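Heads up, the next two complexes both have chain A, just with different partners, chain B and then chain C.
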Partner chain A sequence: MAAITGSLTERIQGTIGRRFNWQYFLQDNITGSWLLTVWVIILALATMALTIRQMGTFPTETTLILVIWSIGILLAVAEGLHIRHSRVGRWLKTNLLSSVSNTLLTLFIMLVLYALAYSIWQWAVVNATFDENAVAPKDRNPDGATWGVIAGAWDLLMVGRFPREALWRVRTVVIFFILLGGLSLIVNKIGLWARSKLVRSIFTVFWLLSPVVVYILLAGVPAEGAFVSISSLIIGEIVVLGTFAFLWWQKVIKFSWLSLIGWTLFWPVAYIAWRAIGRSGLFPPINVSLWGGLMLTLIIATSVILLSFPMGMVLALGRRSEVRGIPWWIIWPVAIIATIWGLSTSTSEILAAPRNTFEKIIAFWPLLIIVFAYILQRTFQGNVIAATSAAVIEFVRGVPLITLLFMGIIMAPFFMPEGITLENIWAVILGYAFFSAAYMAELIRGGLQALPRGQFDAADAIGLNSLQKMRFIILPQALRIVIPGIVGQFIGSFKSSSLVAIVGLAELLGVVTLIVSNPAWLGLRQELFVFIGIIYFTGSFIMSWYSRRMETQLGVGQR
Partner chain B sequence: MSTQTSVVDPSIGKIREEVIVCRDVHLWYGEFEALRGVSLTVKRGDATVILGPSGSGKSTFIRAMNRLEVHGEGDIIINGITLNNDVRNVAEIRREVGMVFQQFNLFPHLTVMENVTLAPINVRKWSREKSEETAMKWLTRVGIPEQAGKYPGQLSGGQQQRVAIARTLAMEPEVLLFDEPTSALDPEMVKEVLDVMSDLAGEGYTIVAVTHEMGFARGVADHIVFMDYGEILEQDEPDEFFDNPKNDRLKLFLSQILHH
Partner chain C sequence: MAQTAPPPQTELQAQQSVPFWRDTRILGIFAQIGFIILVIFILRILASNFAANTDRLGEAQFICRDGTFSYLCAYDFMSTEAGFDISDTILDYENTDPYWSAFYNGILNSLRVGLLAVVLTTFLGLFVGIVRLSSNWLVNKIALAYIELFRNTPLLLQLFFIYFTIILALPPIKEALQPLGLPIFLANRGLSIPSPQFTSSAAVWIAFLVMAVIQFQVVWILLGRQEEKTGRPSNRWGWGIIAFLLVAGIGWFVAGAVANTQGMLTLKANRIQELDDLERVIMRRADLNFLEDVDTLPAEEIAAAAFKLCVLRDSASETNLSRQLRAKGIPYTVRRFDRVDQVTEAYVAEECEAFAASKSVLAAERSTLENPNSHSIVNVREQPIVWSIPVLEGLNIAGGARLRPEFTALLIGLTLFYGASLAEIVRAGIQSVTKGQNEAARALGLNESQRLRLVVMPQALKVIIPPLIGVYLSLMKDTSLGIAIGFPDMYAVTFTTINQSGRALPGMILMMLVYLTISLVFSLILNWYNERSKMVER
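Right after this comes the complex of A and B.
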């Protein structure tokens, strides 16, 4: 025993003698510069004062902290002098106890954290009341939280003033997404049927349909109106087939009779299904201004995120467009529709009671639109697309979000056709999406500019058209570069959705102000803000975690 | 087309069309005139090499041939199709003209196989099976069929350039443009790429190459062009070009590159 102790002491002394130099130690840690000396002295005094103070308040815990800290120092020293190696000692030495000032800081922060954790624990748990029915001021403990308000106001926090008898519709939405998300996860993770094209397309269809499902469940379908309106059918059909023709022309989709039949049937089937759901009375309309709480936050944030991304992409590509003049496929449809509209309204009106031949000729003025369009298309060489995109981006970025939201609510009605009113929530979502899209556009443009020119050259040289070039070569790479920025923008959109409380929508923050003005819950701000803080943090954390995971996954094969 | 003239080549007794016709091509970068009236005719099956010091406009010229650069004045006619603002003409020419770049310009986010099949599937509208079969044929042809599943970042420079050649060939073009294909390669990898190029020249592809490889120019080219200051100063058969240069700047250029 004595021999072992003796040899250890010898070893330590020997090691210290060989590996430790007081002069260097002092210079590195204290006397290196007068700034360092002053800093260490101040830190030492502050730590000492705090220790003495805490010793008076929590003697046991403070002693424990000091003991733990001292053991840590011993371990770190043993590690530093190569007396005894351990993973803990190594970690402590590199991370917490690497110098005198860091060692002092570690103690200081341990003490502060303990005091903080102690008071939070006291407030949130020890002195807190949890009874849902004991929230009146006389039942509250002034030193503790009254968590009963969360349970008592649960429905308000979750759905706002959504009709309580229709809560099953919200639950159905939640179950729908849990099932869909869970199943997609299982299929993707476990790889079950993941190779089956059919299974994958079924999931895609369900995800694409999910906004419609949410809308039908939460907003409902009105039953009134004609069962089938021929004009809506025809207009919808023209839009659908026009899209089909455009995509085919741009070689996004291949032509087959089967797909043509599918596209043709899409609108009538969707339209009739919609009317049938309305007629069935299963989902009577609910006023969307009753939406609120977490539900509204999620609806606004998700819609803004989903809308702003494609909008931002279009704006970013538009700003870099090199198309000169106005493409014929924009100018001719617009000109022809304007001409037909002019002929059917103005011309017929004048021709009904012409006063002379001159007026008979003048009546056909809409034909000039065609001439004008022809001249414009032949002569105009300005870059309209880039100019418009830049103007939209710069305007939206130059205006505060709140202003845009107010503009959406107050000014949008002026631009709407008569008889159609826009619910505040849609106006807000639209304005907010534009705001987010402008920033998104600049982010994506950054990604586009980061790509070497050779990528564009190679895509051109192998004969891809511009849409294919974007879809296969440019966007996959550019978007990968800007994932961190885009996710940051998404998180920002999610958190800033609380700003819509200012324009009177009762999302999470708005609902909290409603709750605390309720006499029963008067003044219970802290509990509610802590609660929604946790909700926002969870949402943001999940998004940033997912983005980091995505970055690692997409890093495969990077140059 | 009147622009597509046919001539009988006395040496082989076959009709050889003029595939590339450039007439008085001018190209400006803003105020700077990069090409000052260049005229060149390339016959089907010929290998033409463009030489010249850096900044002479040779890369610009070859890039103008598939409209990666837009020329201002003059005509460029490929296979009887005039290059102009008409997108359909440009698309048709790009289908028939393949290009290999100095920096390879492979798509780093796609595998080698995807790089090679992208254009056949989306531009030629071939089925995936047919495209992959053709891609495999060309990858075997350039000697790297085993790399099909890898990403470009996992290959050496020489292998990357051979993938780039396979990607170009997979579109089955008639004309191949090489823009300094060996300049970014380590010396020991230059040969593997030059060998592939020489084979292609022997197989009857119409080739236009900008290169500094004098051995390739002398041994493989049917026709050599010397450019400087955006102009063609001399063009001739290889032997005459190297042994008996007439232009002073060409003489200087040759003395510099042959003596270093």
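Right after this comes the complex of A and C.
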């Protein structure tokens, strides 16, 4: 016996040899510093306590975990002492079991994860009911999820209170986009996009028309009114031809009889087609406040991005404007005169009546004119355009989003001309687009700043005017830099569109309140939130992944 | 080598002077003037629409107190009675207070949850960001899962989830959860935690604390000089802390002994001159020889013999006295009132035997009684800080601080969401430190925590701070989401104010001004800090 154990210890000692030193091992792993010792002791106690508790509830699984853990330790030790090399052992040693504290931590985490996974599995699968019709409170299992509510409320979740008999229009929109997107991808992959100008034009036209198509299908075209109104025809024609003339005069578009005919015919054809569609009654109008669910989320997110792009561009270009500012000898006298006038009229009028402290302070508002004049002069060198753009951007970024949405809804009736009412949803989209435009402006400004100044100078040197410079040189390069940021904004809009639930629109998150108010689905919030969370998570995750891929494809930062 | 003669002067001048209608400088000024005119024009249109619509829609917005119409009376309504309740306030607020008071309470609520969330988010973000780079694969992936989960779902969804499915799903107070046996109660009406209450002797103690801090500084500096002279490490952290604790400890006892402000009003006939006499009183009532036997009696006898105490609600005197009574094992019952005159009424009606409060209050009350000399004020010792421990009493929890479910849900939701964003920023900052720094630190023999603390974090902080400013600002603005779960922050209060009073435009403008001010102040402070710690480039 002694011979066997003796030879065993000799064999072990022989294998280990001088590769292992107890002192160094203890120092590195346990006794190196007070903190380390305390941490290892706490971990050991906590892990032991947890193991004992888990043994009580899941004996077999806990034993299995302990066995796996021990095997892992053996493999890692074998790797560490160079007794036996294995890929698994190496990976374990570097990543999971590199020190005593890490080993204990791994076991602790494995046990906690198992307990967590087990309870989630119990709730979501084992105790859950999946029947769409057995969702009433008496048919539910209190320990499990009632997934029937997802199937039952599917329509509400997807389209809100959209009229059920008109759902074919929503399906048409979905099919339209799948076809258009799919065909664009295919055409891109087979190289037809790069080669044929005709294909490019056709697909561009279809993509540009898609918002109109969506609007016609989802909101309908009203049928009343005269078939053709000559005044709108003429005014529209003047606007279109005027834009064409302006672009030709600025040498951004080449003149050709074909394009002239195209531009001239564009407005009458579109207008008459619109009226014809309305007259035919194919797409009767749908109350826009009935939109809801995932459809509304996507509409809000896309509209916001599309609208905020031009607004953001205007703000960014304004912020960067370098026109010569108004000189100080105009600003200061005007400011002082305005202040004195304000103090003498408005302040004295306010202070005439009894006021509380806050109102007394507000009464001195003319002094702000001096402050504004100082900032205008000092920071912006008197450039009113840059100052206004910066002020708008900072204002919009300094207030919470729901205040802007709320302001849109409350203020819209006050500022609209008589007789025009703005639906809540358009007011919300407008307010949100303002908010997004401020962030977009900062992104675009960053993109413009990232361009080498030589590009601007070279464009000036070869004689391009401002519009040509923007259209042909600056914007193509700047947009390539800015596109990942824009995709990030879109992902942010997709998630933040949930905030419109607070102002009463029933998009994906807001429709939950609607669903839960149905007595059959009372109190089933958990299941709905989990489902909606999965939708948001998948959407955002896929879009972020795609954006990262696009960044490498576009070669951002490398060219 | 004929040199071309320079063009004649007049031609050059003709080439150099640009006609004024093409001169960009003058065009620039015209553009600005045109811009100002355009802005004024748009404002005129909006103003005229506004005036026209005000007649139709919003005349009530600008009605003065005397019924006349004037734009200057926009904020007169703020002094009128609010008429709505706010569930969670720091200051006392009744629904008869003016709108100003409600608005002010809303601002305090927003700041309360915002600043606390900022502190917690910083800790959580730093922790998870550093952990995200851990060498333990499991820990690393768990941090990644947390970050991805919380960044890819909307904040509002997370708030709803936490509020409806976690906080409101907690048990009712009768069965409140008590994690690990600590005096912390989790129930669906709120989270009760022990809270410190300051008695009047706290002022003395704080003076001693200030002296203790000075003491710490003195020891620190002296030992630092010694370090420099001898070159050997002196354990100045340890000595400094010992000095601090010494002075603070002395201050604690001195404050308790010197302060003489807490007292108990009771009948002289009870013959209680100090707190120990109560033992005698209880023993006599319950007919016991030893006070410890009180536990052996049935509950009704204990209740009959118990000392009846009346106090003001949430007062430090109650916590102070009850702590001492508990320490002595004296059974007592407490009745709490909201106002001092209510307590005096109960005392006079002999519903309670003693009124515990500060001596000045007791002296004032005693002078209002019929026969002041038949009542005496017994001295009660005090500590500078007494801990109010929540205790389950029947259907309620007495003592401690109650954090409402809305406040807790908003705090937790904001912390988790912005902690994930901050973790990504911290990770990017740490990874921005070049690899050579890490290798050099290891080559010098620094261990992992020293490397992180002394080499990596100072450099990483310079990269972390600008996006950190954005995170803090977004956090402060997102406290407005409290309205979705019922927390009365400034947005919610303004919303109710607008609904109640009908004054939409003035209310909105005021609220946005306050948010702008908060954003501006935060932004200025953080930008100043950023300027201070910016990377000095050579």
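We adopt the following convention: the second predicted complex is superposed on the first by the 419 of 559 C-alpha atoms of A that agree within 3 Å, B and C clash if a C-alpha of one lies under 4 Å from a C-alpha of the other, contacts with A are read in each partner's own complex, and residues count from 1 in each chain.
Definition applied: a residue touches a chain if its C-beta (ideal position, glycine included) is under 8 Å from a C-beta of that chain, and two chains touch if they have at least 3 such contacts.
Since the structure is predicted, the reported quantities are computational estimates derived from the model, not experimental observations.
A.B. asks: Applying the document's definition of touch, where does A:Arg480 land relative to chain B and chain C: first, second, both, or neither?
C.D. replies: It touches chain B, and chain C stays clear.
A.B. asks: Looking only at contacts as defined up top, I'd like to know whether chain B or chain C touches more of chain A.
C.D. replies: For chain A, the partner with the higher number of touched residues is C.
A.B. asks: Considering only the touch criterion stated at the top, classify A:Asp460 as touching first (chain B), second (chain C), both, or neither.
C.D. replies: Once the two structures are laid over each other on A, A:Asp460 reaches chain B alone.
A.B. asks: Once the shared chain is lined up, is A:Ile502 touching chain B (first), chain C (second), both, or neither of them?
C.D. replies: second
A.B. asks: Using the superposition on A, tell me which residues of chain A are in contact with chain B and, in the other complex, with chain C.
C.D. replies: none
A.B. asks: Spell out the residues on chain B that touch chain A in their complex, using ranges where they run on.
C.D. replies: 63, 66-68, 87, 91, 94-95, 97-99, 101, 103-111, 118-119, 122-123, 125, 150-154, 167-168, 171
A.B. asks: Okay, in this complex, where on chain A does chain B touch?
C.D. replies: Those in contact with chain B are residues 251, 254, 452, 454-455, 457-465, 468, 472-473, 476-477, 480, 556-559.
A.B. asks: Over in the complex, which chain A residues touch chain C? Could you list them?
C.D. replies: For this pair, the touching residues of chain A are 32-33, 35, 94-96, 98, 102, 105-106, 109-110, 323-326, 346, 349-350, 353, 356, 358-359, 362, 383-385, 388, 395, 397-403, 406-407, 410-411, 413-418, 495-496, 498-499, 501-502, 509, 512, 525-526, 529, 532-533, 536-537, 540-541, 544.
A.B. asks: Which residues of chain C touch chain A once you look at their complex with the stated criterion?
C.D. replies: 24-25, 27-29, 31-32, 35-36, 39, 46, 49-50, 52-54, 57-58, 72, 75, 78-79, 100, 135-139, 142, 148-149, 151-157, 160-161, 164-165, 447, 449, 473, 477-478, 480-481, 483-484, 491, 495, 498, 504-505, 508, 511-512, 515-516, 519-520
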